[in-house]
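Note that the chains are named A, B, C, D and E in the order they appear, and that numbering of residues resets to 1 at the start of each chain.
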Amino acid sequence: MTGALLQSQTPLVDTIANLLGIDGTLGAIVASLIGAFLIANLLLVQTAVAGPWAKRKITAAFTDRIAVNRVGPFGLLVIVADAVRLLSKELIVPDGVDRPAWDLGPLIIPFSALLGFAVIPMGSGIHLADPETGLVFAFAASSIASLGLVMMGYASNNKYSLLGGLRAVASNIAYEIPLIVTAASVVIFTGSLQMSTIVAEQTTNTLAVVGGVAIPQWFAFVNPFAFVLFVVANLAEVGRNPFDVPEAPTEIVAGYQTEYSSVYFVLIYLGEFIHIFLGGALAATLFLGGPDGPGPASLGIVWFIAKIWAFYLFTQWARSALPRLRIDQFIEIGWKGMLVLSFANLVLTAIIVGVIV
Amino acid sequence: MIIEALIAFTFVAALVTFVAPNKVAGKLAFGLSLVPIAGSLLMWSQFDATGNALLGGSLAFEETFEWLTLAGYELSWHTGVDGISMPLVVLTTVLTSLAIVSAWTPIDDRQSQFYGLFLFMEANLLGVFTALDFFMWFIFWEAVLIPMYFLVGVWGGPRRKYAAIKFFVYTNIASLVMFIGFMALVFGLGDSITSLGLPEIAQALRADELGTFYGIDAATLKLVAFVAMFLGFGVKVPIVPLHTWLPDAHVEAPTPASVMLAGVLLKMGTYALLRFNFTMLPETASALAIPIAAIAVLSVIYGAMLALAQQDLKRIVAYSSVSSMGYVILGLIAYTEFGVGGATFQMIAHGLISGLMFMAVGVIYNTTHTRMVGDMSGMADRMPVTTGIFIAGAFGYMGLPLMAGFAGEFFIFVGSFGSTVLPYAPLFTAAAMFGIVIVAGYLLLAMQRTLFGQFRLETDYEVGPAALHDTLPLAVLLLLVIALGVAPELFFQMITDAVNPILQTGGGL
Amino acid sequence: MLLQSQLPTWTALAPVLILGLTALVLLVFDSIDSDSTNSTLLAGTSVVGSLSSLAFAAAFLVEGTGQVSTGGEITLYGDALVVDGMALFFMAIFASVVAMVSIASYDYLREDQHQAEFYTLVLFAATGMGLMAAANSLAVAFVALELASLPSYALVAFLKKNRGSVEAGLKYFLIGAVSSAVFAFGISLVYAATGALTFSGVAAGLENTEYVGVAGLGVLMIAGGFAYKTASVPFHFWAPEAYEGAPAPISAFLSSASKAAGFAVAFRVFTEAFALSVIPAGIDWVLLFGILAVVTMTLGNFAAATQDNVKRMLGYSSIGHAGYALIGLAALSAGSAQNGNVLGASMAHLLVYGFMNTGAFLFIALTEYWDVGRTFEDFNGLAKQAPVACAAMTVFMFSLAGLPPFGGFFSKYFLFAGAIGAGFWWLAAVGAVNSALSLFYYSRVVKAMWIEDPDGEFELQGRPVGLYAAVMVAALGTLVLLPGIAPVIETAQSVAAALFA
Amino acid sequence: MNPWIAVGALGVVSVGIPLGMMAVSALLRPSVPEQGKSAIYESGEIPTGTARIQFNIQYYMVALLFVVFDIETVLIFPWTVIYRSALEQGASLSQVLLPMLVFVGILVVGLVWAWRNGAVKWVASPLAERRKTERQT
Amino acid sequence: MVPAEWYLLLSGLMFCIGLFGILTRRNALLFLMSVELMLNAANINLVAFSYQWGNVTGQTFSLFTMALAAAEVAVGIGIILVLYRNFNDIDVTKATTMRW
């Protein structure tokens, strides 16, 4: 089926290397750099669309009002306007900040989010690297962000920022375990941490045929409970409503980003949006078959983008529809609810798999 | 089984006394201590051993229980008595009982602990004199120290802490030195012994089975071990110049403890010298005869001279013990039937006499609260009975005929005079005899100054005769001293029987 | 009679498993009622657990589980763990110490809000110690060592409002952290040189390794790790602080069980992984341990002799005893028939030490309960008030000093005799001299209690049953080990000989 | 080809892009320092005291819990990877499932204990505590 | 393949840096960080030689080392916390109720 085609497609880096006609280690490095640049830009473009434009549009739609419709078709050129505006703003360095950390924080956030995409198979051969431990790497890379958050919070010399940074850490650590344990319940099915295998496992097998339509063995269908857990934990992990306690503008101004302006502000937002997409990509890869979908395999990238945008849409819906949790509710849900449920899920999955196999 | 029963009973008695109320502890301990006396007398009456326990003689009341095997050595519970240890067992039980009675008056604090420790000490002393396995023996040997440490330390005089620690440290270091020396022998014997039984080791040593150990040849090993053991036991005896703990301990110890210390504990040292050094390593001993005899004579003379210079009655008696023990060493090194036998006999005799003297001093002290010769005079008027016994005891000390002391010293001099092992034996004997003169000198001097003349001690109470229970032990001891003096063969027969093998198999001695 | 041979092999680990399970049960109790200060239930559970662990260990020892008579050692979990006579022997030590400590803590912690945590931590640490004794791979040794150490850190700092306790905990922790890092690095170096972590694998790899220097450094660092756990030079200086500051039952626990655990794993590592028959020339760990033993016992004893504080004196004296026990490793030589005897004597010493030293620290716990004070002077005349407890303490002191009528003499005798028999007379000589010296400071305690007069009148508050019982059990153990030394020493030497088979 | 080369390349790129943006911004943006601008923003109030404030101990407690559980998840992952293939190769359920159940079981005991002892209780309200005790008395 | 000596050099260097930190830092937290460095030096060795020898023992063990390092830090920070409450400082040389 589609999976077989997907497998047969040449990986992105090799394609580039072949195109340029270079080989050897040096060739691999050059080709990798070019491929990485392409992928990074693919994401930057999506973020540019999602941040200044789509977000406003979606929120406006939810709240029944009109937004960004002045500049360009559908107001799309607001992206350019905003980019130029933010980049050309004055960078205000407040008193008493801890300078190296303060500067480093905003760099780390987009870095961590982008790095996670290195192992995500996006279909149509757009798959930068496929190491055996891809899944662990993705989680590891995305967790680096919390380091940046706490650095920013601590370096800003601002009580709100400090609290925001701490809250960010608390939320990240509270929901990371459910997230990973739920992912582990998927790994029980795949028996591998390699992203391509995880995807292949979902695309090559068919769960059931209902009315002549073959339903692929997406793990969201196999174990919907795990999927729900994962999505909720993911939401908290990327710090979106209703779990956006680290920013919580009504409580602690804007948390760790209070003191940032100009290009740093852009970088932080850039990082956060890429993070949302990374969360979506992980959910898609683990539960929704990655680039799997009807049609030829070359459409994989389309499906993949559709899936991560669906997740993005979901976050924006949650933002408009749900009130923010209090910090204590937030932490207690994480430790008492999600953690227990995720372990229960893991154990049950293991038992069921054990009994069936 | 009678030995085991005795030791076990005494241990139990000690425990019972330890938890008994203070008021009844003294009487209870005395009552309980009568049982070991009865037991030891029963043993004596049924005594049927011949020869030396260590040298293949038959033993009385022998018992052996396997205990454990370790690194090729069997350790066992092995007890029995021969002619040397039997009198000492009797001495121990009798003296303990009498000392307990003599404690009734002076001990007025924590009595149950005091008498408990006393009985505990007795049990261990019985063990020392009956154990025939080195390990058992060593355990009892060391265990004796602990009650004595407390007896001196808790119930002693003003400088009791110093005295107790000094006693404890001295004797423990001595034990260690001795232990190492003995172990060197054991390791030197290597595979030729399969247990740490004293008879087996003694016989192996006398059969010349000692090998090299760490490249040290047998002769050197013997010498080193002999010296180590001699020093180790010498502290207990004590020999000059290792005696300095003794006056302190004696002076500070409460009377009953002094009685035991002088009467039995010092005998442990000479007993061990006889059993280990002189029985196991006769060649080495005879090779070292001159220095040993010199030390013996030095102890006799020096101890006596020191006694002469003392003002404290107890100190006088204490130093005279050093002197008396010198005779014992001299007798031992003589290696004749009368020398070694006399030395053994002298152990008993001195045990009784020094016990008597310490008790008498104690009774006087209980009444006058001073022991200084210069403070007292005319005690004869106020305490006639005590005085009489004191004088009798002093004569015993001086070696007056018909007293046990005479018999012991006489045998020793006879033996040492005719010694073939000791060069210049007559010379040494004569020098030692000179000690008797000094002893007579200081004892007479002390008696004359304390007992006779005008009573002039100023007290706020009436100084009168001692209570019956204070006097009775003195009388009993005096009777025993006289009995042994009149009929030394009561013990001497069995002693020589056990001593002779030492001399016979001595390899050309 | 419960026969391990009739059960599945994994049950050979029962002594350890029971300790761990008891800890979990205590956690469950605390979860059910987190405010509970029901000492009877908590201490009782702990005692029952440790006693049943002891029962299993003893029964298995008697039955011969893991020994030659029943088919040799039992290896479990892919050679990671091994149950043999030595492991069971040490498990028995740990279980007895835990039992005594638990009984004593019943009174010691009467008012405390966190009793369940206390017992849990003790039991977890004991579990780690049991695993140390059964470790058959460097990895397990490290994990078990940490399992034993981590609760110990917390236990030392358990009195969190007491500055001494916290300070002791900090120092114990800091040195522990460093030495465990050193230990881990040593393991990694040995792994680098041999490519294996199981003891047999390491031994096989060492025989023809090309990295002798790396392996040597690794061995040295691993020895350092053990030096910490056993409070030996050069990682000894936490010991007096930790023992002084920690709650006294914990001092008892650490100074006997924890030390024994360090020796247990050191014995196995050095006799099996770095066995003298395979170790490359140039890695002379016997000499290393010889020097360590001499320095440790001398330093411990001399330092102890200068202390004013009884608890601290005991802390230093426990360093001295680590030096004695080190003789068990220092007096080995390749292929010598005496090896089993020396090592066995060292093990027996640790067992006896487990009783007498635990008892001594528990007596300190008793005095802390009474608020008597900590210096020698504060103990003056204590025997008038509490003769029975003081008699027990006297037994401990004399036994620690190695006086003959008590268990301590025997184990020391066997140790020194073994060293002489193995040709290391100088170790025995230093040991004997130190032993004689130690009598000085041990008898100071006895002197203070029995001979000195109290400085002022003081009344002892109450007669804590648990503490008394624990002290008595320890005293009884020390005394009973005299006539009962036979099975102990025979077992110890036969199981030790199995290590060299 | 080693996949980590590509990962490294993306790492370089994802540092390079933000740096590039910062460079562009540095060229574009003005710099007009003013006293008021550089003040810390604390909701428009004048900042008081230091920013190094004491905060809720619970942050530390959950961090501890996290350390425990995070490491445990690391240890669970290898198990999940081999679980199915081990079963397919004929390992019995008690061999592959039971150890993990024990492992998770111990973790759960720990979690329950921490839960009951208030390690994950974010706000320990003194008022509520007092009310509770008052009701009891 | 990178020669084994380089790994040893790297880990040795890291270990020494950690050791240096321990010997010179008086802040308890920095002390902890130094210990972590030392432990991670061990991990480098384990992983590198696991690769070198072609078995996974070392790698597996490094997982355990990490877990233990984490647990150690958890306990350590707890102790440092009570230290701060008692002494108002986390300087490891300040706590001197007892003689060193």
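General remarks:
By definition in this document, a contact is a pair of C-beta atoms (placed from the backbone, for glycine too) under 8 Å apart; a residue touches a chain by one contact, two chains touch by 3 or more.
Protein identities per chain, from UniProt: A = NADH dehydrogenase subunit H; B = NADH dehydrogenase subunit M; C = NADH-quinone oxidoreductase subunit N; D = NADH-quinone oxidoreductase subunit A; E = NADH-quinone oxidoreductase subunit K.
This one's a predicted model, so the numbers in the text were calculated from it and none came from an experiment.
The chains other than subunit D, kept where they are, group by touching as follows: A | B, C, E.
Of all chains in the assembly, those touching subunit C and also subunit D are E.
In terms of the stated touch criterion, the partners common to subunit B and subunit E are C, listed by label. Comparing chain pairs D-E and A-D, the larger number of C-beta contacts belongs to A-D.
Put simply, the chain farthest from subunit E by mean CA position is B. The most distant chain from subunit A is B, comparing centres defined as mean Cα coordinates.
Located most centrally within the structure is C, per distance between chain CA means and the overall CA mean. Distance from the subunit A centre to the subunit B centre is 95 Å, each centre being the mean of its Cα atoms.
Subunit A and subunit E have Cα centroids separated by 33 Å. One simple way to say how far apart two chains are is to compare their mean CA positions; for subunit B and subunit D this gives 80 Å. Distance from the subunit B centre to the subunit C centre is 42 Å, each centre being the mean of its Cα atoms. Touching of two or more other chains is recorded for residues 70, 115 of subunit D. Those residues of subunit A in touch with two or more other chains do not exist in this structure. Shown for subunit E are the residues in touch with two or more other chains, namely 60, 71, 78.
Applying the touch criterion to all chain pairs gives A-D, B-C, C-D, C-E, D-E. Note for the complex: subunit C touches subunit D at residues 24, 27-28, 30-32, 34.
Within the complex formed with subunit A, the residues of subunit D that make contact are 1-15, 17-19, 21-22, 24-26, 28-32, 37-43, 47, 51-53, 55, 58-59, 62-63, 65-66, 69-70, 73, 76-77, 80-85, 87-88, 93, 96-97, 100-101, 104, 107-108, 111, 115, 120-123. Subunit B makes touch with subunit C in their complex at residues 67-71, 75, 110, 113, 124, 138-139, 141-143, 145-146, 149-150, 153-154, 160-161, 164-165, 168-169, 172-173, 176, 180, 183, 187, 214.
Contact residues on subunit C toward subunit B in their complex (touch as defined above): 338, 341, 384, 387, 398, 403-405, 409, 414, 417-418, 420-421, 423, 425, 429, 432, 435-436, 439-440, 443, 447, 450-452, 482, 485-487, 489-490, 493.
If you check the complex, the residues on subunit E that touch subunit D are 60, 63, 66-67, 70-71, 73-74, 77-78, 81.
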